[in-house]
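The two complexes that follow have chain A in common; it is paired with chain B in the first and with chain C in the second.
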Partner chain A sequence: MAKILIVDDSAVSRKKLRKILETANHEIIGEAGDGAVGLKKYQDLSPDLVTMDITMPDVDGITVLKNIIKVNPAAKVVMITALGKGSTILEALNAGAKNYITKPFANDQVITTIAEALA
Partner chain B sequence: MFNQYFGNYLLEKNLIKPEELRMVLAQQQSVKVKLGVLAIDAGYMNAEQVDKIHKLQAAKDKRFGELAIEEGYLIENQVVELLNAQKKSNSLLGQLLIEKGIFSLGQYEDAMLQYKADSKLTGDEIQVLKNNDITKIAEIFLKNLSGDDDRILRDYFELFLRNIVRFIDDEIRMEAAVTVDSYAYDYLVTQGTEGEYNFFSGFAASETVLAQFAGIYAEEEISGMNELAIDALGEFMNCHNGLFLSQLAHRGIELDLLVTEVKKAGEVKPTGALYVIPCYLSFGKIDFLYAATSPNFVLKNC
Partner chain C sequence: MIETIAKLAQAVPTFSAMERGNTIHHYFEQNKEAEGVVIVNDEQPIGILMRNDFYQKIGSQFGYALYMDRDVTLLMKSDLTCVDKSCDMAKLGFIAMSRNQDSIYDFIVILDNKNYAGVVNIREFLIEMSKTKEREIKLLSAQQRILKQTHETEKRHRIEIEQKNAAIKNLLDHAGQGFLFFGNDLLISEEYSRECDSIFGVSIGRQPFLEVLKRYVDTDGIRMMQNVFENVFLSGDATQNKVYLSILPPELKIHERYIHTEYKIIPHETGKSIMMILTDVTQKKALELKTIEEKNNIKLIVRAISSKSEITQSIEELQSFIKKDVLPLLDNKQSPQLILQYVFRIVHTMKGDFALNGLFHTSQGLHRLEDALSEMQNRIKTITNDEIRKFIEQIDCDQLLEKDSEIITEALGAQYFENEDRVTVSRQRVAEIENKIVAVFQKEEQTEIIKLFHSLFFINVKDLIRDYNDYVKTLADRFGKDIDDIIISGDDVFIDRDRYASFMKSLVHVFRNMADHGIEDPDEREGAGKSECGEITCELKNEGDHFLISLADDGKGIDLEIIQKKALEKQIYSAEEFATLTREQRLATIFLDDFSTKNTVDLYSGRGVGLAAVNAEISAIGGEIAIDSELGKYTRFTFVVPYEKQ
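Here is the complex of A and B:
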């Protein structure tokens, strides 16, 4: 069981992801609806893993990822995206993301990807 | 999916009352369809023949298929086909209408024959509806758009249909696509793209219908076009378009998604053709919109 922070500007998306992660017995210790709050919560809560939506207004997920990695190079961040665009995902992985999950969420994919990132 | 079309037809022709249809549709999940009804649906037997077999069943304690073969009404391959079809629920509406005493076998047969004539759907197309084959269903309602340029629209709509069935409502009924010069909406959910190919897509409906749509997707009760509704509608559109753009990427077409929007009280005026596909869900009507180039939006004078 891991302590997870969910960062996504969509409350519906955060709810769907929370539901899947809680069935896998993870604890959702915080949620953030934008990148700036997400970075602050990361620093305050020290989660085991962060799920980070890529496309967010104001501060996008990859920028937040880079800032989290600056704070903690060993941080475990899994990117969330509706568009599995190769170049964007590669940019995130090169910036330190452990993996990515595409929307709409497939329960098995979410649980497996999170488990592999935590290992 | 066929049940939606046939049920709507029965309502329009005043052959059934709304509360009767609601009742049988609600019960269809738990009932196993009988071979006699399937045989009528398939056109293999008529009501008189089915009735005769039912009477013989009561006297001889044999199965329907066996007796129908003995009497020369069916051949073995047809019985096998009907037994396979029995696993699906396509003919439950008919069976329940008969069991509830709303129709006799003869009335059901007449209604089915008249529907086949009035709907202008071929026998194969009706079977496609019964088989819930979404790829072929999309082709039926877009058959007036058969050019290569329309390939993207057909693929997009097929995926949209799949996602509606997957996430929102599997009791959808759609009508053929029409092209319009402009489209006025109460609410419109849309998301643009940017890249080598521009298209406009979205769906429009009343506030009540979209709030219900949003509530189903969000898995929460939503009564109006509030922040949660806008979020849920935007997320559905975003997920759907993400899947479609991923499909395009496999074909070598790279596009990016713009922010989703929920627009109120406006008009879409396309620079090119605007296609509208009316879709009837169990809780109301939405119009699916598509244009190959970005339209202009005009706000109605309120």
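Here is the complex of A and C:
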């Protein structure tokens, strides 16, 4: 239903997430393995929603989030976190993220969270 | 009394001051009801003359002569009472009654800008006053009645509200959960459920929420909460608020109790409140921890059986490391830093290994060692080799391994650690462990571990059947038949290989029969419209206290006529006896001793022993055999095999 861009430095995670989202009929229009590429692809592809891993080398997810929001204040970004650290998620929300998903992925939770963010 | 006297004003005739008493008399004669007149000079009143007064004066001695023919001014009362037309009733009343006795009932003249504008008749005035009073009294009564009613209604409503509040409070107090509310000022409202008293131990009404929580949450946590609440109260986006609230810690430890926390937004007319729901889960948690402990113990036991060599190896490595390997390093005069790093690395790896093998207590003990080593690494500048040596020397290996060893020996016996590489487990113990697994694990978790457990002691019938593939292929070659792998389907059935060994071995006769008698050679099959390759199938079904094995071939089936002929020939049945048999019973003849339709006694078949042997084996384990066949189509053997009775 929606065009989604996946940003995560782990290819395994990207694949897992793609699989889950495709079962919910979303279209994965792009993937990025690091923040810089992620930002560029956002600008080029204009997805409906972006999933953004928080912990990435070089440029971390929150910085990319802020840059995307600068480009488009109405951008819908859902953070992916393995740490579950409240303060980091809070920072992301305050910077404009719509919601967050924790790893390991629970299929229904992922689908519901994405649907809510798109609404 | 805001009414003015305007409504009472009457018009009475006026006379000029130059008129004679006669004129007035004439007027009074003509107008019997007239009560008085007003004397004016140029519009302005200068006196009044009331009838009574007039006739009183005229009637006095010499009065007639004195007054009749002379100026009326001699008769009139010049000290008349005048009021402006804007005068109100109350004032008029006061003025009127403040006059002296004989003037009380005189007219009061109304002035309009100093000019005569009518009079007020006192009598009329008094009547009017009474009427007004009466009206006011009525109004007052009505108002008082309404007030009383309102009062009662209000009282009723107040009681209702109090009752409803009490009911709700009662509900909340008995829910066994703590409920509290606060608005954007973060002050806890007075209404909170009783459970909160028990949880916090103090009265929390009107306290600042964050102050109360400071005792149980660290500074970072408080800061995070503050930020979350700020965002929630600022924003009206319900979804976003829910997301913010979801970050808050779901559990707090308050006074040694585990409290599950939930936050909800309660909207109301003037904004919103946040409701916090506190549930004491201490007992539940303790139970959970206990269950996890039990599960870990079982996992350890299963691993102890399946991976004994790995476990004993890990234990040896630990003992060797602590007692033998490390200390020589310290003598070597290596730098404390290198030694610590090395030890830390090894301990870390061993910790992982023990955890993998299910020895969680040992792993935890090693984790504590790790912490101590880490702390020493922080003091790397001042640490000496001596200190490290002392630390290593006081590590008690046996104590590290104690708990896990206990769990193993309790389940599998003390000889577990004595016997080199074997694990001996009694049948009874196997059953006990399996029961424990079922008792402790949930359905979904069970399958995984039961599978592993079974694989240690039991074998899957499917595997046993699969083992016959080579044999069937060999026979097929020998008899010039084309037969593919046995097609196996149905449930996984796990059995004690010892108990069922004889029976499973006897199935060789069935397969032999299928390859020899059952399945036709390719040409014959083609002629019969079948595929050249013959098919043998095996279907397994689990049915509680027994299981079914169905072995079938798609060959030429059993010819009942030949059976009959053979049976009579071998004198197994007489003709009459055979006639009474059911179709199934007739088919079952082939299981009887000495029955065989083959002429030559060859290596593979011929002796009537084959299927009879199978029959004997299945009976020996308390099972049954059934046979079904259709000439030209198939033959099927179905075995009903009971599981071991506990």
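Criterion: the second predicted complex is superposed on the first by the 119 of 119 C-alpha atoms of A that agree within 3 Å, B and C clash if a C-alpha of one lies under 4 Å from a C-alpha of the other, contacts with A are read in each partner's own complex, and residues count from 1 in each chain.
By our rule, a residue touches a chain if its C-beta (ideal position, glycine included) is under 8 Å from a C-beta of that chain, and two chains touch if they have at least 3 such contacts.
As the structure is a computational prediction, the values presented were derived from the model and not from experiment.
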| item | value |
| --- | --- |
| Combined model on chain A: chain C and chain B, fit or clash | clash |
| First (chain B), second (chain C), both or neither touched by A:Met1 | neither |
| Touching partner for A:Asn94 - first (chain B), second (chain C), both, neither | second |
| Larger contact residue set on chain A - chain B or chain C | B |
| Contacts of A:Leu83 with chain B and chain C, given as first, second, both or neither | first |
| Partner chain in contact with A:Ala115 - chain B first, chain C second, else both or neither | neither |
| Which superposed partner A:Val71 touches (first chain B, second chain C, both, neither) | neither |
| Which superposed partner A:Lys15 touches (first chain B, second chain C, both, neither) | first |
| Selected from 135-143, 171-179, 279-287 or 369-377: the stretch of chain C that, after superposition, runs into chain B | 369-377 |
| Chain B and chain C contact sites that coincide on chain A, given as residue numbers | 86 |
| Of all residues in chain C, those that touch chain A in their complex | 220-221, 224, 227-228, 231, 239-240, 243-244, 247-249 |
| List of chain A residues in touch with chain B within their complex | 10-13, 15-16, 55, 57, 81-86, 102-104 |
| Chain B residues touching chain A - in the complex, by the definition given at the top | 163, 167, 217-219, 227-228, 231-232, 234-235, 238-239, 241-243, 245-246, 249, 254, 256-257, 259 |
| Chain A residues touching chain C - in the complex, by the definition given at the top | 86-87, 89-90, 93-94, 98-100, 116, 119 |
